[in-house]
Amino acid sequence: MGLLLKGILVTTSIQANTQQVHLSHKTPWLTLKHVQQAAKYLFLSACGLFMVFPFLWMFFGSLKTNDEIFSNPLELLPQHFHWYNFVETMQSAPFGLYIFNSFEVALFTTLLVLANSSLFAYALTRFTFRGKTAMFSLVMASYMLPAAVTYVPSYIVLAKLGLLDTHAGLILSNAASVFGVFYLRQVFLKIHPSLIEAARIDGASELKILWAIVLPQCKAALTTLGLITFITNYNSYMWPSLVINTADKNLIATGIRQFFIAQGNYGLNWSHIMAASTIAVVPLLILFMISQKIILSGIADNGIKE
Amino acid sequence: MLSVNNKMKQYWQLLFFLSPLLLPLLLFWVLPFICSIYISFTDWDYISPTYDWVGMDNYRYMLDDSQFLQALNNTLVFSLAVVIPTVAIGLGFALLLQKRFAGSSFFRAIIFSPWITPTVAVSIVWSWVFDSKHGLANELLGLIGVPSVSWFEHGNTAMFVVVLVTIWQAVGWTMLFFISALNKIPSSIYEASLIDGCSAWTRFLKITLPLVSPTTFFLLIVNIINAIQAFDQFQILTQGGPGGETRTLLYWFYQLAFQQYDMGSATATAVIIFLITAFLTSLNVWIGKRWVYY
Amino acid sequence: KTTVEFWYSGGTKPQIMMKKLIKEFNQSQDQYTIVPSLQGNYTETYQKLQAGLASGTAPALTLLRGDRAKIMNDRHLVEDLRPLMTPSFHWDDFLGAFRKQVTDKDGMIFGLPAYGTTQILYYNKHILAKYGFTKKDLSTWQSLAKVAKAVTQKNSDGQVTFYGWEPMWGAGNLMDAAYSNGGRVISKDGKKILFDSPQWITVWDSFRKWIHKDHIMRIHSGGQGWEYWYKTIDDVMKDRALGYTGSSGDQGDLNFNKLAATIQPGWGNHPAAPEASALVLQIPKGTSKAKAKGAFAFMTFYTDAKNTAAWSMYTGYIPVRKSAEKDADYQAFVKDHPQALVPLEQTKLATPLFTDPTKGKIIDALRIAADQVEVQNIPAATALKQAARTAQRALDRANRQH
Amino acid sequence: MAAVTLNQIEKTYPNGFQAVHGIDLHVQDGEFMVLVGPSGCAKSTTLRMIAGLEDISSGKLSIGDKQVNHLPPKDRGIAMVFQNYALYPHMSAYENMAFGLKQLKLPKEEIQARIDQAAQSLEITNLLQQKPNEMSGGQRQRVALGRAIVRKPDVFLFDEPLSNLDAKLRVSTRIGIAKLHQDLKASGQQATMIYVTHDQVEAMTLGDRICVLNAGKIMQVDKPMHLYHYPANKFVAGFIGSPAMNLAKAMLERKDQHWFITIGSLSWRLPDVLTTRLTVDSSQPVWLGIRPEHIRQAKTEARHDNTIDVVISVVESMGNEQYLYFEWLGQEWISRMGLEGLEHIQINSSQALTFDLTNIHLFDQDTEQSLLRPTF
Amino acid sequence: MAAVTLNQIEKTYPNGFQAVHGIDLHVQDGEFMVLVGPSGCAKSTTLRMIAGLEDISSGKLSIGDKQVNHLPPKDRGIAMVFQNYALYPHMSAYENMAFGLKQLKLPKEEIQARIDQAAQSLEITNLLQQKPNEMSGGQRQRVALGRAIVRKPDVFLFDEPLSNLDAKLRVSTRIGIAKLHQDLKASGQQATMIYVTHDQVEAMTLGDRICVLNAGKIMQVDKPMHLYHYPANKFVAGFIGSPAMNLAKAMLERKDQHWFITIGSLSWRLPDVLTTRLTVDSSQPVWLGIRPEHIRQAKTEARHDNTIDVVISVVESMGNEQYLYFEWLGQEWISRMGLEGLEHIQINSSQALTFDLTNIHLFDQDTEQSLLRPTF
């Protein structure tokens, strides 16, 4: 709480700074502003370190020997970089395949979510029909439903559809994103109705309007939603581990845990587990790097309605 | 709004737009929930084709069950302990990083990054950090002369760890929403306040805070819902222990459903979780009317 | 060819052995193919099996923990094996305790014991000897505590550097000790919870005292999967503790140049009475005749004297057939590895497996009480009485419903 | 043939609010019709019903000789220019214009040709590859016009197309639209235009005819000059003209053969040109209206009884003319006069002002309808 | 005492762009000074430097007799009205006005009294409990004014305070601001006002003096009428006045004692009133400027050589006057005339128009400075 208070105070004075108001005399070599700047960077660096520390530890841990990991946790860097840990880890379980599986499921789920949330949100924002409010309430109510609550009946539904132990089953069962509808609805509401009317006069069908007029303007929001959906599904653990039985079809989170458990003999190799975790995170980090400009600005530009 | 001569055509069009989402929504959310409500009035064991209708028995049993009450209490404590700091710290970071400056997007990315990691992977790291013997946390405490703490062996400290990890993950996300809200405040309003001559603190309290209140409100609700639905971090860090002191309702549901196969009680718990979420959300909406400015 | 899906799980060594046996079986005949599917652990197998049964996608063969196998039968979810047993099968050859475990009161055989497991003591024989103790000194918990006290070492700060004993985290060890003090979980008529009785409280509170007051014992708790288990083993292997209470299945991982094994202690005058049970192979209800036949063929193969002996030698688990002891290789093995006989020996005095009539609520209450005593240093009376109340409610409810 | 006919058109919004109360309006083929009125008077609603963007609650709408009540917008042969231009922000100017044509599945060359031609006449050829956010307000406006033109519609609909531009640009774009209308007519494309604005300068300068709306009803439809000189009712009188017409309560009195107008303590005889136009034949209370330019500085030599002495409270000089504000009979009056001859009227100075009685307007106090017949 | 003095003020933005190039301006105590100029000419920058919202790069800024370069805004004795009003949206009108006063720790009664008084004079007493989003644009504008007034500042700063209002409201609020200035002066509160606008009607009607800016430099500072009649350079000539002054290249030629202005193939002798004002004594190329109202319909009886025949391309009638657009010498010209006497000039009709040579303006083609001395 103390940190927080400090942060706020530093910031509010920074806001005053943006107006470049000199409260002080001519130009002393060290102004209040300089001190504030330095304090801000120091504070942010400390926080930043705290935020990324687990990754760093995980990554460097994967390069240590098993004993080294526990010998001195304060020592971040390994004495020797055991890159071979990665090779061994990759050999000890089909992580490549797991990552591929996760990618496949996450990708198709994401595409499906983007498509159906867009359609649904478009209908909610641009059509008038009876039961519209009810429809929206239904979606919002679903948001309050813990996913775990739906597992059992959902499982049976999948079984009835013959989609157990298939990626298609996973994709289909994750295809309704309540957040997606909620988020896109807010974004679509911000598109001026006259654009849609102009397109109607231009003779475009509703689908065409959505595709050619609305969506291109929401690229940032779509990327954001896409990334969120992708990450969530890539990382998802509980539900896939219930649906998938065949080892070859496992997603990465299940894979890692399986690896954990399958290491079920004395002398658990922690550096391998760290390596496995690192391997699992890397694709996401890369994806995040690529899209971070969009995702960070995306939420900012098209954020939820104020 | 739109005049379409052909009613049928309009109908099909609507169906085309709604059904791709409605289908999975009904199949995997609404239908299961309705089933759950039904099951909560039975003693179904998940597999047996037969079950008995037990009426309110599951609910009655539950409301009088010390373990349920403990889980309920834990859930509320956890939600409160997570939501308020998350929103407050998120706002703090947003204020710091709102304006672009050298390195601002770097810091934003860093603070956001915990959110993208699989909870499964990163919780492992945290469990080491708080290892009672050689954990980093204790080493650091040792440096400043504080005796080590057996983090996972006491209810309070174990809960603290889970809360910390949850905040750690959610803060960046919260920050982004605040940044967007702050950027929407016209700069002329700040300038007006400069001319009115208020202190930085007054400006924060009297102007910034009220103006981002709709976002604060939204984030409170989303974070409450997320907190109530938190599962992975408990599963990996504490498994509800020690002695059930970090067992939340959702975790309790999980154990009832997937360890004891007591579907009636489990679904009754689920319904209660839903009701609590709905209650907290409406409570927030109600209180929100007093402090949220639109 | 008929394919037979098989869901199983186990540690590394069991996994290796299981794969080897399946391969051998598949090659030994051309009627059936066993298709194995490795699950995360026994619990996960059980969980998935529920889902599988609910949706009609259950496999033809599963490997489950004994208590769960019993629940499966109580819920009428498994095939009776009797029709599949040919005269050449020799059901009589299986260990009596294990046979009893899978036979219900109507005589139905709802599963085949795959291998046995029980918790025994492992200790560092050199250090024990160094302090002038012998195996005999480990025959009651009271004397074990004395030994522990004697060997415990502390550094100048008062921090313990060498522990006298490390029980395994969880209710299992404490229950075993309570059984050894004549305790019961439920009354014979199945109506009353008994673990808030003095037999239990004395035992559990002693452990609490040894752990939290005398600091001669320690508990590793929490973590991922078997993490606590291996931390415990590690302490013994790395000379940070004298010994620990562990599974017969640990033998494959341990170094017996340094360690030795013995059966669990009794409590005071009471003889030891820990639980012993078999992991059970089952054929879920609704499995087709052909698949069931195939599954049983594999069971027969897997449990034949030679294979169960080989399994035991490689993993440390208890062989399920009496005739295994006559296996030549096995006899040679136990000569070299006397510890391999300890679980078997303990099985003979064992308490049969406790099965929870509330499908888990009693076990859950005990688990939490154990956590409170072992980890949180809450007096056993408080913890157990609270747990008993919870359990009694659940039990009453379960009894009412049946 | 693209006359637009509104026949007893009504509009009730789903929330129950009736925005349009039975409008009858006939816009001739090729005519430039301006809809004008205060904010919320249902100008946009009316236009949007014509466009097909809003359902018509009752009445008949025809474009050409076809009833179009139930046709979707694209089939009505219309094009619309929106207040905010409604350019697709992610498309270049070219793509913006081409979008509608592509929906018609026109051949590529045809699209290209149409756009080139429109771009040339609007002088936006060099902007074609730019996106809206790279253009100034005026340029966007012209692209929006271009998008309408290329569709070769029978009817152009404009909803306050200039209100987002700044004053200078508004003037030049206004002229551009007037020219466009002329050019289209000249090229034989009899484009009907319906133009919504609340700016009466635009209305006056652009419209062949102006339709003045108030609260969902038509007040008057007429040529701009007729509206200005012969407003049919008090509303139109007050709405058209800037600065607005002075309006005050007065008594119209008949004494023998003569008519007098009594205001405050003064009573003036009506000139004959007015009496012949009167539509009543007995005394009655009226609204007296007089435009600012008809209150003139009194010639010092000849002081009539229609001259009053007032104190000027505000003077606004525009360079070539000035507005004098004064208080009289408890209300504010404006006089507008050219600068020739009279310089620097001081604030708080006393002035003698003359009412030009041949140019006053009279309205019934109840019905607010004009009591004077127009002379054309 | 609150004169505002800018002394060689410069402003360079952090990105290196120099927005203000050495401005000298003295605004007298109680004066209403209008800053006017095209978009981007640094009006706002200048005002914001005075307010203390923007650093001053160099130069001296004084308010009263105190140099305030480094004082924070609140200590400069100023109040500011923003273009978008910048009302605190979550506070009622009352709270908006009270906020600044509370920061001064004034007693409650004093705050109440000041607000009541201001509200009364602005006629917003009944709005005091409403929030900005429950008010119309004009009401918000008045609350923003109120917030400025209650501070009893020495200097009022306005940044385009009317540009978000619609035309009608703009006129009435404009008058309100003029009255406010008068009232404050009358009440002995010699409030200096600095008012930024790009609308020259506002500039002309409000300012005691007008400062015309262009590209960060002062073009002319003078009374409105002087600016209109004696623009110091071509920029001011073109900027002030609506419709804008006609400007065309011409030759100023001296032949013996006489001066001629040659444009196209025509050569007109300058009237004597102009020649006496000339600041040059030899021939040179010039910009000829003439305001639209000085191009008149030629009297048929007397046709001078300064009469030209043109074809009218556009006619815009405003009711009481009309603008005629015509093409001559390859550029567009505007003539503005009252309606009296002449009705309905048809588009494409031919007209004889006379240039009023006593009212032309001449500017050097290089320096663009006026070549005529003002006569006051």
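Every chain is named by a letter (A, B, C, D and E) in the order it is written, and numbering of its residues begins at 1.
To be clear about the criterion, a contact is a pair of C-beta atoms (placed from the backbone, for glycine too) under 8 Å apart; a residue touches a chain by one contact, two chains touch by 3 or more.
Source: prediction; values computed, not measured.
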Shortest chain-hopping distance from subunit C out to subunit D: 2
Greatest separation from subunit D - chain, by CA centre: C
Chain at maximum distance from subunit E, centres defined as averaged CA atoms: C
Gap in Å, rounded to a whole number, between the CA centres of subunit E and subunit A: 54
Centre distance in Å when subunit C and subunit E are each reduced to the mean of their C-alpha atoms: 94
Shared-contact residues (touching 2 or more other chains) in subunit C: 47, 54, 224
Subunit D: positions in contact with at least two other chains: 52-53, 72
Contacts with two or more other chains, residues of subunit B listed in rising order: 1-2, 46, 124, 191, 194
Contact set on subunit E toward subunit D in their complex: 39, 166-167, 171, 175, 178-179, 182, 198-199, 201, 204-205, 224-225, 228-229, 240-243, 291, 293, 314, 316-320, 323, 325, 336, 338, 344, 347
Complex contacts: residues of subunit A adjacent to subunit C: 152, 155-156, 158-160, 164-165, 241-242, 245-247, 257-258, 260-268
Subunit E - residues contacting subunit B, complex: 51-53, 72-75, 78-80, 82-84, 86-90, 99-100, 103-104, 133, 147, 151
Complex interface listing, subunit A residues touching subunit B: 1, 3-4, 7-16, 18-19, 21, 40-41, 43-44, 47-48, 50-52, 54-55, 57-58, 61, 69-74, 112, 115-117, 119-120, 122-123, 126-129, 135, 138-139, 141-154, 157, 172-176, 178, 181, 200, 206-207, 231, 234-235, 237-238, 252-253, 256-257, 273-274, 277, 280-281, 284-285, 288, 292-293, 296, 299-301, 303-306
Footprint of subunit C on subunit B - complex, ascending: 43, 45-48, 52, 54, 61, 65-67, 124, 127, 152-155, 236, 238-239, 241-245, 255, 258-262
